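Note that chain A is present in both complexes that follow, paired respectively with chain B and with chain C.
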Partner chain A sequence: MDAISDRAFGESSASTAANIHRVVDETPSLLTVILDLHPLAWKSCRETNDKIDFRNVTASMLVMMNSHLALNSGNRVSLYIANSFSQGVKRVYPEETSLKDTILEKDGSLLKSVGIYGQFKVLDENILDTLDKLFHNEPERLRDIINKDDVFVKGTITGAISRALSAINKLQKHEETLNMKARVLVISVSGDNTIPYVSMMNTIFAAQKMKISIDVCKLGEKSIFLQQTADATNGVYMDIKYPNGLIQYLSNAFFIEPLLRPMIVLPSNTSVDFRASCFVTNKVVDIGYVCSVCLCILSVIPGDERCPTCHSPFEHSLVTKLKRKPKVLPLDVKRMKK
Partner chain B sequence: MDIDEDDAIVKSGVRTRATTRKRNRSQKIVADDEDEQIETGKPSALKGAGGGYAWEDEYRRSWDIVQEDASGSLEGIVSDLVDARKRRRAGATVPVQRGIIRTVVLILDYSGVMREKDVRPTRGVAMIEHAVEFVGEFFDQNPVSQVAIVAMRNGIAHIVSELGGSPHEHITALRQLRTRFDPEGEPSLQNALNMARGVLAGGNETATREVVIIFGALFSADPGNIHKTISALVKERITVRVIGLTARVAVCEELCSKTSFGDVKSTYHVALDENHFKELVMECVTPLAVTKRAAESASGFSLVKMGFPSRASAEVGLCACHSQAIAGGYVCPQCGSKVCTLPTVCPCCSLTLVLSTHLARSYHHLFPLQTFDDCPEGGICLGCGEESGAGAARCPQCKEIFCVDCDVFLHETLHTCAGCESKTKDTITKKS
Partner chain C sequence: MALIRGQATHKKKAGMLTIEEDKSPALLTWKCADMDATTNTVELSLDTVGFLKATPETSEKMMLKIGLETGKEILFGFNSRDVMDNVKVSIQQIIARKKTSINMEKSKVVNSEETGTEGTESPAPSSNGTVNEKSRENNSSTPSSVKEQLPLDNDLKNDRFLAELLNSKQLIKNLALQQRLLRDNVKLMRTFTEAVIKEGMEAEEFWKSRIHLLRSFAIQNNQKKGPYNVLSTIKPVASSDNEVNVNVTREKIKEIFKQYPIVRKAYDDNVPRMSEGEFWSRFFSSKLFRKLRGEKVNIYDRGDITLDKYLYIDPDYDGEEEIDDEQVINDDPNNNDNSHIVNNYDKKRRKIVSAEKMAKKKKVKLFSSNGAPIPKYLDIEGNRSDDSQLKGNTPDITMKDNQDPELVGILRTMNRLSRRLMAEITDEQPTNTDDLDDEIIKELELNDLDESNQVEYNELKYTQSSNVSLNIIPQELINKVINQSNLNPELCEYDLSLQDLKDTFKEKYDLTRVYKNMKEEGKKQNDSYKDINNIVKQNAKLAQNNNNLNDLLGLPSTGNTIKGNNNKRNKEDEDSGIKINLDNKKLDSVKLTHATSIEFLRQFWTQFNITASSTPATDPNFKSDLIKLRKHYFSIKKCLVRVEAQIEDCRNSKEKETEKELFEPLVFSLNTALKKYEDSIVKSKSSS
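And then the complex of A and B:
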């Protein structure tokens, strides 16, 4: 009797140890890619660096998503496009339920798909079809936007991240996908001026709370907000210097699971810009004044002693206290005191 | 408030089948209603369903009451829950001015009564666990605020941790309190309040001054007249909130009503059960709204000087705050001393050091997400792309539909409407 129970105990403990190992290694994970399609940003990107090619970016992205699927049979991918056309953010894969029939009616596939793994085929076809349609559906609008010089188009990257996070939140509540790990990769081309500040910060904190890393693959100009996003959520931020080799970046730096990141030397970004910018003068400040009502940052005390953002008056005595310069006592006074 | 006790019990009865999150909600509503009943003070408000007082009713176990409807589903009950959830959130979406920069003294009752086991494992242990969670959540949501912790034990007040902005220090101090001391003796409200006054007197002038008391006893052993202390608190503009564990005590009632500065909502609550206790503690995380009277009497709002430090080089060096060798860290822009964590007050020149992202973390208190409208017909949820089912909601601005889970997620975690952010219609504007 003892022998039996002992054996059973020994076995179970050994197997749990092995299980823990397996759980760490093989929990399936979800990779959510957000592709920024801001038309003006793409335009300026192409103007400054003609090596950036949308086809290349899409192809590299597809390779990365396919390889993520290949890594583990339980792995999932999803793709959102932060589109600034009339549709806004759109989930491309898995496709939105209402769009299913419209995609299926397309007969000629854009893909040469002999001997391709089934899941890759579904994924790639879906994505390529949707992107293709998107550009064909709205050429006038696109032309309108691009040809005018003085327009500003709001970016929808925060919307895309918000939707991705809510989908992940839902997924992690389902019973069969309870342990699903998730991370978000943003392929961005647009600069900070297209990103709404408050909602960007809200998404950062939500991701932080959910312990989801947001990686940023940045083509074109630098973005302070996205840098802070990656820093706060333990993600990787990289400015892509050689867009030709995008696939290399994606499959090296961005392909590593957050779980493995502590063990691997990652491309670090030590120079994250944490300084704040003044709400009035837009100067970058390291010592500033903060309104206690709306938390706006000021580099100078406004002359009328009112907050320029929320118009609440400041306490006069406090302002004079802050304005007071340090006093230097004249020499003779100091001596007298001694 | 003439609430049907039966209805309240049915709602609480649903708990057994609903998910934990929803369960907490329904309980909260019930709890609030009962609270209000008592607060109104009308004898009729205390009447139970049977016409007698609520406590004269026969006790009904929650699992006896769960009733499936004719088709055997719980749909009706689920929609009740959703309504309850809505009711709870309705008040929270009007943008109000709040004191974002806060100093809070958390006073813990650590007297003999905290050894009672009506809350598992004991009141004292549960209270410290909630306090640890409170501290973590508090600094998460109020990054530029400070906390001190005081314990009432053996008739005197002990400082558990000094006023500071580092959650880690407070949590270690709380854990030490739990392992090194046992709850003992009598609590003294007056001593604790006086100590809180002392702590708050040295704090930042521009910050709000708050005291949160977790009070398990029904008595207080005071050395003098507590009413004098209360008037001193009023004079010093200190707001006091009390969370009782046993029953309402007149002196706490007076303490709260006098120090609420014209705020209509009572700041005195008594925990009904473990979950409610935890919710009451967590409620104190949200900054208090600036009351009308306070806004009128103040001559203006404050402007705070803050430093936005840069990251120090990766070389190992001693930090000014703990004298520990660390790699990295941040450098105070005013005096150049090195600190290891943010946000903090520079130990050298006492400049408040924050990151701009810390300030941004408080924005959702200032710009809350509006409540979504009910959308009984349902549809495809924009957040998760699934059929929304019962209890769908529609954003009044972008008209997108969200399911219950996504709706809750947007309002409680994200604070941004995914639909509005995704829209680009009419966003092509001339460059300014």
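And then the complex of A and C:
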């Protein structure tokens, strides 16, 4: 419960704002980007808004990462992918060892690199190559994935954030980069149905405790869980209205260093939808039931009258009471009088 | 200080001048040294002094002229400036005192006119009960007939009364309280008039859904201020013309009497003799006052001769003996009944008995006034922690041999006061002797050899049953893919999309295009820039509002948890993101319609849920409840009509658009309620 009560973001802001001049923005920081690859979501995104384009998004993302590196020689970046279905969460940059094994035959670099700054070139090429490899490894047919396993979709956004957070934790414990500031940016296209609610909440609490802000750049439909994530971690949540100007969003709204957060008015949407999702159906609930033991949220009364999460039995009489159908009189007044 | 004496000449004759302050009115006498002189004594009562003139310090002569109100002037000459100053100062003080006492007299008249009931009756302190009553009358000087009827105006000493007051049923019946709340809360009043008075909703139902408001209001109005150190709040202010102005309200005087029995005693002893105003002006310039306030009293300070006597009375004087006496006599049931057969022996015996009783009471009192529920002989830990010497420190400040007695005196006074204040608070707790015995027994029990309780935990088995995979890929798609024949399968959405993504990397990336593309598309960059800017501006405004509000309330700015009434309108308008171009009148009527509808919705859902969970067997009023619910249904329908009428009432299409937008969520919820009801009808038909 510590994690929940530790809403340190708001409260510490006053004190940090006072000493901020001493820390100055010279301290290097880490930018971790999580890229959502959900193929179905990408498809529906492109169908609803033809301005959303995977190529543009990756290019803008690369430019943003370059800019982050340009700010400070000590700055670092890393990139994860999520929702890739068959492969799970993978770290694209710095490249994971498992990915290094696959070597693609190709002619030259994927980047037009004339006149580009050397460090950027290395980074961008690296990322593009790895992404290419990843897609190369991805089975072409959905049936290939489904036939394999029962749990065939791996690597949700939650998983990616968890991995990013553990990497940040490791980094912050390392001697050279002790207590390095870090932030996470999620570029998401998929909806709330792809997010396991409980894991998401746990991730949020972890990020809160680590005082790491999670920014959300949302393409396509709104996500209330990601709204909650950003809200709880003092991050920025934005629905991208003009995907063509994505680079403007990335280099402006999502470019706020952790140290500057207490001083800056965030371009976040303030009206946050705080609804939770049903633990059984995974759908967002307006009015539902809550298990009095484990607080799990239900939109339906389970048939076995037990909590599906903690298995505590529910009181039978109560359940029957809840199950009772509403009783009303017909609208016809005359008939009622009989 | 009783006498101020000095040599003075009057009409060129040497003599001795004396001022007797403790007489009332104070007297100035001059006796000629030469007994045979024609005017060998002069006597002045100082309350007739009109003015006073003395030769300035620069002058060689030392003369003091006293002008009487009758116009007569008397001249004294002195041969020592010290003596003259002394006389001058004391006369000045006496005059000042007289003036203040006259003022007090006047203000008292005004005061008693205000309170009405009190009249000119002398405000001699009586038992605590009447003191409270009077102060209350002072409180309610604002005319409110309602207030007096309310039971909540009684001093609620006991929790039971409070509990009764907060009982939901009582609250609903408490019409006076409701009226007062309505008068207090304009917004609620409007909803009330609209829903109850105009639309005929039953008042009881209106309040049923607002019991929390009533309850908090009742509590708010019943909170009482605890005792505090009254004297420290009184600050005499010296004004230019020798007047000492002290602001004392009647309540404060009561409090002083309560907290300082010694002042009460002084008052009792003196007031018939001197006027009330004089008493207080004397009191505020006395050493007694300074001592009771906890100030350091300087021996050379001028005090007040009559009141400073009380400095030397036992500081623990509680002024309770008389009351105790009375009680003891009243307690004795034989006292009145058999008075005719009482013989001497009986009388004596009774005296002894009552004396014993009194002693007992005093003992109990002493015990409780110490505020020590733990017997000292058992409280080894407490004794040890009290003894600072054990830890190698110097003894407690009050325990040192060479300690300044003044300082210790002040500390003692303050401690005494705190004890008295505390005693008053803990009064409400039962100090039954039985309980004390129990406590002692409990303390004597040896618990450490008992078996300690094992804390038992209930194991929770956590499983996350939802399969995310099935959520991510729609079931139909999976079925479609699985059921396809292996030969020449059709490409599904996923496959197409993935191919697309794979193809992304066939072409070379040119990062310079990122900005160029955007520019070529027109002002796309500008659009997104504006988008960000708008949000920032909105947030900045919000943050500022919150900060301002927090500043006003003296709170740290911790986010948007607090919403003040002032800011509410702005906030709502900004949150909705709709530009509201309505004039205030229109907006108010929209708000009113909205509030009323919400009220009816609330009633509907409450009733709906009640009937849903009850059966004819469990609820005797089931049938009437059903009828009620149907009434609510029709009210909701009416609400919908009203909303439409409101929208129709607009002057132009622009206004109409705005109102429509504003009402959209409301219409949705109204329709939801109607639909839910209608759906339930069908079900009940099919089941019956």
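Note that in this section the second predicted complex is superposed on the first by the 226 of 338 C-alpha atoms of A that agree within 3 Å, B and C clash if a C-alpha of one lies under 4 Å from a C-alpha of the other, contacts with A are read in each partner's own complex, and residues count from 1 in each chain.
As a convention for this text, contacts are C-beta pairs under 8 Å (C-beta built on N, C-alpha and C of every residue); 3 or more make two chains touch, one makes a residue touch a chain.
As the structure is a prediction and not an experimental result, all values here were calculated from the model.
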{"item": "Chain B versus chain C as contact partner of A:V293, first or second or both or neither", "value": "both"}
{"item": "First (chain B), second (chain C), both or neither touched by A:K173", "value": "first"}
{"item": "Chain B versus chain C as contact partner of A:G159, first or second or both or neither", "value": "first"}
{"item": "Partner chain(s) touched by A:V122 [first = chain B, second = chain C, both, neither]", "value": "neither"}
{"item": "Touching partner for A:L71 - first (chain B), second (chain C), both, neither", "value": "neither"}
{"item": "Touched partner set for A:N244, first chain B, second chain C, both or neither", "value": "second"}
{"item": "Chain B versus chain C as contact partner of A:I256, first or second or both or neither", "value": "neither"}
{"item": "Partner chain in contact with A:P196 - chain B first, chain C second, else both or neither", "value": "both"}
{"item": "Those residues of chain A which chain B touches in one complex and chain C touches in the other", "value": "83, 150-153, 156, 196, 198-199, 270-271, 293-294, 312, 322"}
{"item": "List of chain A residues in touch with chain C within their complex", "value": "10-11, 14, 37-40, 42-43, 46, 54-56, 58-60, 62-63, 66, 83, 109-112, 116, 124, 128, 131-132, 135-136, 138, 140-143, 146-147, 150-153, 156, 190, 193-194, 196, 198-199, 238, 240-242, 244-249, 252-253, 265-271, 279-282, 293-294, 308-312, 321-322, 324-331, 333, 336"}
{"item": "List of chain B residues in touch with chain A within their complex", "value": "97, 99-101, 140, 205-206, 298-311, 314, 333-334, 351, 355-357, 359-364, 366-367, 380, 382-387, 402-403, 405-406, 409-410, 413-425, 427-432"}
{"item": "Contact footprint of chain A on chain C as seen in their complex", "value": "458, 460-469, 471-473, 477-478, 481-482, 484, 489, 492-502, 504-505, 507-515, 517-518, 521, 524-529, 531-532, 535-536, 538-540, 542-543, 556-560, 575, 608-609, 611-613, 615, 626-627, 629-630, 633, 676-678, 680-681, 683-685, 687"}
{"item": "Sites on chain A touched by chain B in the complex", "value": "83-89, 91, 94, 96-98, 145, 150-154, 156, 158-160, 162-163, 165-167, 169-171, 173, 196-199, 201-206, 209-210, 228, 232, 270-272, 274-277, 285-295, 297-298, 301, 305, 307, 312-319, 322"}
